[in-house]
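Residue numbering begins at 1 within each chain, and the chains themselves are lettered A, B, C, D, E and F in the order written.
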Amino acid sequence: MTAPDRGGDRGSLLVVSAHAGDFVWRAGGAIALAAERGDEVTVVCLSYGERGESARAWREGRKLEEIKELRRAEAEAAAAALGATTVFLDAGDYPLLESRELVDRLVRIYREVTPTTVLTHTLVDPYNGDHPAAARMALQARVLAQAIGYEAPGEPLGAPPVFCFEPHQPEMSGFTPNVLLDVTPVFERKREAMRCLPAQQHMWDYYTDLAKRRGVQLKRNAGPNLGLAHATMGEAYMRLYPQVTAELS
Amino acid sequence: MTAPDRGGDRGSLLVVSAHAGDFVWRAGGAIALAAERGDEVTVVCLSYGERGESARAWREGRKLEEIKELRRAEAEAAAAALGATTVFLDAGDYPLLESRELVDRLVRIYREVTPTTVLTHTLVDPYNGDHPAAARMALQARVLAQAIGYEAPGEPLGAPPVFCFEPHQPEMSGFTPNVLLDVTPVFERKREAMRCLPAQQHMWDYYTDLAKRRGVQLKRNAGPNLGLAHATMGEAYMRLYPQVTAELS
Amino acid sequence: MTAPDRGGDRGSLLVVSAHAGDFVWRAGGAIALAAERGDEVTVVCLSYGERGESARAWREGRKLEEIKELRRAEAEAAAAALGATTVFLDAGDYPLLESRELVDRLVRIYREVTPTTVLTHTLVDPYNGDHPAAARMALQARVLAQAIGYEAPGEPLGAPPVFCFEPHQPEMSGFTPNVLLDVTPVFERKREAMRCLPAQQHMWDYYTDLAKRRGVQLKRNAGPNLGLAHATMGEAYMRLYPQVTAELS
Amino acid sequence: MTAPDRGGDRGSLLVVSAHAGDFVWRAGGAIALAAERGDEVTVVCLSYGERGESARAWREGRKLEEIKELRRAEAEAAAAALGATTVFLDAGDYPLLESRELVDRLVRIYREVTPTTVLTHTLVDPYNGDHPAAARMALQARVLAQAIGYEAPGEPLGAPPVFCFEPHQPEMSGFTPNVLLDVTPVFERKREAMRCLPAQQHMWDYYTDLAKRRGVQLKRNAGPNLGLAHATMGEAYMRLYPQVTAELS
Amino acid sequence: MTAPDRGGDRGSLLVVSAHAGDFVWRAGGAIALAAERGDEVTVVCLSYGERGESARAWREGRKLEEIKELRRAEAEAAAAALGATTVFLDAGDYPLLESRELVDRLVRIYREVTPTTVLTHTLVDPYNGDHPAAARMALQARVLAQAIGYEAPGEPLGAPPVFCFEPHQPEMSGFTPNVLLDVTPVFERKREAMRCLPAQQHMWDYYTDLAKRRGVQLKRNAGPNLGLAHATMGEAYMRLYPQVTAELS
Amino acid sequence: MTAPDRGGDRGSLLVVSAHAGDFVWRAGGAIALAAERGDEVTVVCLSYGERGESARAWREGRKLEEIKELRRAEAEAAAAALGATTVFLDAGDYPLLESRELVDRLVRIYREVTPTTVLTHTLVDPYNGDHPAAARMALQARVLAQAIGYEAPGEPLGAPPVFCFEPHQPEMSGFTPNVLLDVTPVFERKREAMRCLPAQQHMWDYYTDLAKRRGVQLKRNAGPNLGLAHATMGEAYMRLYPQVTAELS
C-alpha cells in the first residue's frame, strides 16, 4: 500500500460537508488517520443539517435554533474526538442553496488552509440534493482559489487531490470506489466520534458494518500478500482527478 | 506525490503486451523507473507484431520469419536499455487469437514472477483488436492464478494492481488517464530504448511529444506547490481496480 | 404483467409537466389507467407553454395572454377527458426558470396530494431546457417534502416511485425505457384527450404511431405467452429509483 | 409494493449460476419466496466451483473429485432448504469455458422448464470471469430458445424477465440495483440454507449484514408509508430488460 | 446537409448483415441512395436467417433447406430492387458463430470490394446475439484488411467510415443515432424492396412508420431553413469512428 | 472527406467562448477555414479572461481594467488574423456567472447572426468552471432563439449544428472527438493568430504539437487512400446533435 514520504512537511486536510454529521460517518477514519500522523484537519460544515438530518429532534418538538445548537455541539465533540477543527457556515439546509457568497467564503478558506488533500460529497445523490450542492461549491471554490486574479487574501492554491466520500446509496449515485482506505488503526477513534452523535445510534452499527464490508473488499483488492489483519476496516472514496505519482503501485 | 516505502522488499513488474514494440512506446518510462529502483521487470510479448506492426519490413519485401527475428532483436535491445527481461510467446498477431492454452501459459508466468504490479493494454481499442485480446488474457490469467485449485506450479497469487497503458486514440478507447506517472528522471533511457526501433523513427518524436503533453497535464493536476521542473515528462495510465492505501493523497 | 393489489387503498398520481400539453402526449395513457382504477390524478403544469409550444397561435398573431388562456382551456379539457385535475402555476416558459419559490410550491403540493406515484420529464433533453428544469424541481421538491424539518403544512412524504415520460428524441436524452406500460384498454381516452389540442393535429398521428411502436416492443419483451392482442398500445417510461417489490416478475 | 396476481398459474423460476454455492448467497431469498408461493424453482449449477470457490477444501488437501462431490452435496442440501431442484452440468470452473454445447444444454432446459422468471450473474465481474461467462450463456440460450427454428424439444420460449443477482463488488461490476426485493418473510430459510455450506462460515455473517444493508435501502426507497418492519431484509437485483406492466407503481 | 464532392470517383458501399432480410429494413434507403448516385453496393449476408428470422415458414412446416432457398430468393429480389449485389456466406444463424475462417472470408471481401463506406449492425443487441456477432466480425475484418502483413489478395485497405444501422430496440442497444440520413428521394424504392419480403408484411408498415419518425427528428435537427419537405423520410445511423472532414457543418 | 456544396449561400459561423483567448487556441483552424471560404465569422467573448487566464499580467502587477484592455486588444488582433469579427460581453470571469440577461443577449446575437454552425466549449470541464457555464448558456440561447414566442428581434432560428472545441484535458472532460477537421491549409494563419497572444508563448508550441497529434489521428481515421500530406494538421471537435446528411461518408 502506498504511504508517501512527505519529507517532514505537515499535510493539511480540508473536509467540506453539507451537514454537521456527514464527516463523522463518511470520513471519520480518514480524518483520524490524518490527525494521527500530524496533519492539520479542517472540517467545514456548510449547514447544521437542522432540517433534513435531525428527524428525532423535530419529533421531540424542539425549535430550529435549539436544534442547530445541538447539532453544532455534537459535531464539535465528534471533531475533537477525531482531532479536527470545525468551521460552521450556517448556510441553511434542505435546501442548501448555492450562492456566489458561499463559494467566496470557501475560496477564502482554501487560501487560508492551503489543503494538500480535499474531501467532499459526490456530485450525484438522488436522495439528498444538499450533498451535490456542497460538492459543486467545494469544487468550484478549489478552482477559483487557484487563480492569481481572484481577489482574496493569500497565495494562489496548488491543485490538491479531491476524494468524494461514500454516499448512502453508492450505486445510485455513480459512486465508483476507486480508493479503499485502511482505517483499521484508527477505527476505535471513529467509533468514539460516532458515539458523540447519540440521536443517530442506529447509525453506529450501520457504519461499523459498512467499514467491515469495505474492509473485506480492501483485502480482496490487496491480495493475501499484504498480510492484512482479518478484521480490516475500510472506508471507500472516489478520486476525482488523476493521481500524480512517481511509482505505479 | 506518492512514493511508497516497501520496507526493503523488491518489487516485481509484469508487462503483458500484444506486440513486440508496445512496451517501449507506451510503458518505457514505467519500466525504467521500476528497474532503476531495483524491481524485477518481465515483459511478455504475446506476438512479435510481425503482420500488423511491421509495415516497413513488408514493404521492403522481407519474409515472415525474417520479420519476426528482426522484431525480436529490436525488442530485446530495447528491453535491455530499459532494464527488463523479455519473454516471447510467438502466438501470432493480426489477429492475436485468445486461447485456453495461451491463458494457461500466462497463469504460469504470473505464478512464477509473482508480480506486485501489472501493466497491459486497454480492454477497448477499435483500431487494433490484438490489444484488447491481450488485455483480456492478461486479466483472466491474473484471476485464475489467484485460485489455489488452479493446477499450475507455485503459490496462489495475491491481487496485484493493474494499469492499462495509453492506446493510440485514447478517447476512442474509453481510456481515462486516472494515473499520471512522472517519468522525467528516466526519460533519457526511454529515448534510448525507442532508438532501438529504427523502423518506426517517426514514433520517436510522436511519443516524446506525448510525454510532454502528459507532463503538462501532470503539472496541472499537481499544482505549483510540487515544484515540478518545467520539462516534466509524463506517461498516462488507467488503474483498473481500486487503489488500496493507508493515506489519501 | 405486474398488477399490484393495493388492498383497497386509493392511489394518488402526481404529474409534474413543464408545459400545458406535455402530459397529454407523453403520459395520457398512464393517467387514464390510474383514473379508471379509481386513483386521484393531479397534473401540475408549471407553465402554459405559451412561448415555446404555441407556434401556430403566434403565427396567427395572437397575444401572450390570449395564448395562455387558450392553452389553459385546452389542457383542462384534455385533463377532464383523462380523468385528472389540473393545477397551473403560470411560471413562464422558454425559459422556465428554476426558483426557490417554485420548488416550495411543489413541496406544498406533494404534502397535500401525498402521491403514491410521480411522473415528470427526463433530466436531460438537449432540445428543450424547460423539460429538465421541470424535472429537477419535481425531484428536488420530492426530497424536501420528505423532511420533517421542512416548513410546510402536512406530514413528511414517503418515497413515491418516480417515472420519467418519453422525450421527443429519446436516444439523445439518455432515455432508457425500463418500463413499458400497456395502455391498450384506455387508448381511446388518450385519443380523445389529444383531440382537445387541435392546434397540434399532426401530433395525433405521431403519438398514435409511437404508441404502436412501444406496443410492439412491449410484446417483444413480454413474450407470446402473455396472449397480448395484436394491436397492443404502449407508453415507455424510465424509472429513476429502484423498484421495491415482494416478487421478481 | 408490486405483488402481481397471476390468476392461479404456477410460476417457474430458473436460476443459472456458475458455481455450486452462488445461488445460496446471492439469491436464496428470491428462491425461498418463489418456492413458498408455490412456484417451481430450478437451479442450474454450471460447475461445482471446485477450483475457484473451494479454497478451504484444497488447503485441507482434498482431491478434485472429492471436492466436487462435497460441493454437490452441500448445494443439494441448501437447495432443499430453499425449496428448489438442482441440475449440475459439471462444465468445469476457473475457467468456466463458453461452448456451443453448453449453450445448447441450457436451451433445452429453458424449453423444458419454461421459466416465467430467470436469475443469473451480472455480465461484468472483474473479480471472477466465470460469472460473466455464465451470464452470457444464460442470456444467449434464452434468446435461442425463443426461435421456432432452433432444433430442440418443446415450444418456443416467451420472453421471461431476467434479473442479475448481486456480485461481490457491485460498483466495480456495473451493478445498478434497480430492484430491491423484500426477503424478510423467508430470511430464516435463507439462513438455514447458508448453514448447509459450513466451509464458508464467514459468509453467513457477511450476507446477513448485506441483507440488512439492502433492507435499509429498501425502506429508504419505499418511504415510511409502507409500514415496513424495522428489521427488513433485502436482496438487490438488476433487471436487464424493460419491465412490462399494466400499472406504474 | 453534407453532400461531398468525390471528384468523379465511384464509391463502394459494403453492407455486412447477419441475416438475409436485415439490409432491407434497416439500410434500404442508404443502399438505394448509393446505387442511385452510381456507387457499387455489395451486401454480404452471413446467414439466411433460416432459424431465427423465418418463423412463418417454420409454422408452415417447411424444411431447413427450403427455407434457406426461400430467404435467398427474397433477398436477391430485394437487393435487385435497391440496386445492390448480394454475397451469401451461409454461415448459419441462431447462433451465428464467430470464427477465424468467417473473418478471413470477410477480409478477402474487403480487399476485393475496397469499400469507401461500411454498414453493419450495432455491437450491442440484447434481443439478438447474431447481430453483434456480425458486427464484431465486420469490424475485426476491416482492421485486419488494413495490415500489409495479412495474407490475402489485394492491397491493404484504407479506413472507410463505419455506420451501424438501427436495431429493433435502439435504447436497449446503446444506439445513439448520431447521423440522420434523408432517404426521401429513394423511399419508393425501399418500399418496393420491402414488398419482396411478403412473409413479413407487418414490417412494411412498421418500417414506414419508423422512417417517418426519423424524418421528423431529421427536420428537428436541421431547422426550418433547409426547406425540407413535410414528408421527409429518414434512416438513423450510428457512426463508430470520428468523421474526417474539411468543414464543420 | 465531406465538403458540402452550399449552392452559393454564404455560411455564418458563431463561436461562443468564455474567455478572450479560447477561440484562438481551440478553434483557430475552423475559423480560418470558414473565413477563407467566405463565411461570416462572429466570435463572442463572454469575458476577457481577466482573472483566470491572465496570470502573467497579474504577476507583472497590472490592474484589472488594464488587463481587460490588454486581453481585448490581443483578441481583436488574433480575430483579425483569422478573418473573424469579435463581440465582447464583459460578463466577468472566475467565475463566469450564468444569468437570464446574459442568455438573452446571446439569443439576440443568434437571431441577428443566424449562424449555420455554432462552436463552443464542452459541457464538462473539471479544471475550469467558466467553460461549461459558457457552453450551457450558448446551448440554452440556441434553443430559445428557435421559439417564435421568444421576444427578440429577428426570425426564429433554425437548428444549426453545434461543435464543442477541445478542452485542456479531454479525457477528464468527457470529450469524444467525433469530428476531426483538417486545418492544414490554414495552419499558417492559425500560427499568426497565436502570435498575437505573446503572454502565452509556451502555448504556441503546445497547440502546434496538438494539431500534429490530431493530424496523425485524422490520417489514421481516413486511411491511406485519401492521399493526405505527411504533415496534416488537425483540430478535434465533438458534435452534439445528430448529423443531418444526404449521404453516408
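Keep in mind that, in the parts below, a contact is a pair of C-beta atoms (placed from the backbone, for glycine too) under 8 Å apart; a residue touches a chain by one contact, two chains touch by 3 or more.
Because the structure is a prediction, the values reported are computed rather than measured.
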| item | value |
| --- | --- |
| Neighbouring chains shared between chain C and chain D, ordered by label | A, E |
| Each chain counted as touching chain A and chain D at once | B, C |
| Chain separated most widely from chain E, comparing mean CA positions | A |
| Comparison of A-B and A-C (more C-beta pairs in contact) | A-B |
| Most distant chain from chain C, judged by the mean position of its C-alpha atoms | B |
| Rounded Å distance between chain C and chain F, as computed from the means of their C-alpha atoms | 38 |
| Chain centre separation (chain E, chain F; CA means) in Å | 36 |
| Gap in Å, rounded to a whole number, between the CA centres of chain C and chain B | 52 |
| Set of chain D residues in contact with two or more other chains | 127, 172, 177, 217, 220, 241-242 |
| Inter-chain touch pairs (all) | A-B, A-C, A-D, A-F, B-D, B-E, B-F, C-D, C-E, C-F, D-E, E-F |
| List of chain F residues in touch with chain A within their complex | 50-52, 54-55, 58-59, 64, 67, 94-95, 97, 126-129, 172 |
| Touching residues (chain side chain D, partner chain A) in the complex | 127, 168-172, 175-177, 206, 209-210, 212-213, 216-217, 220 |
| Residues on chain A engaged by chain F in the complex (per definition of touch) | 100, 103, 139-140, 143-144, 147-150, 240-242 |
| Residues of chain C touching chain D in the complex | 1-6, 11, 13, 30, 33-34, 37, 116-117, 119, 146, 156-161, 163, 177-182, 217-218, 220-226, 236-237, 239, 241-249 |
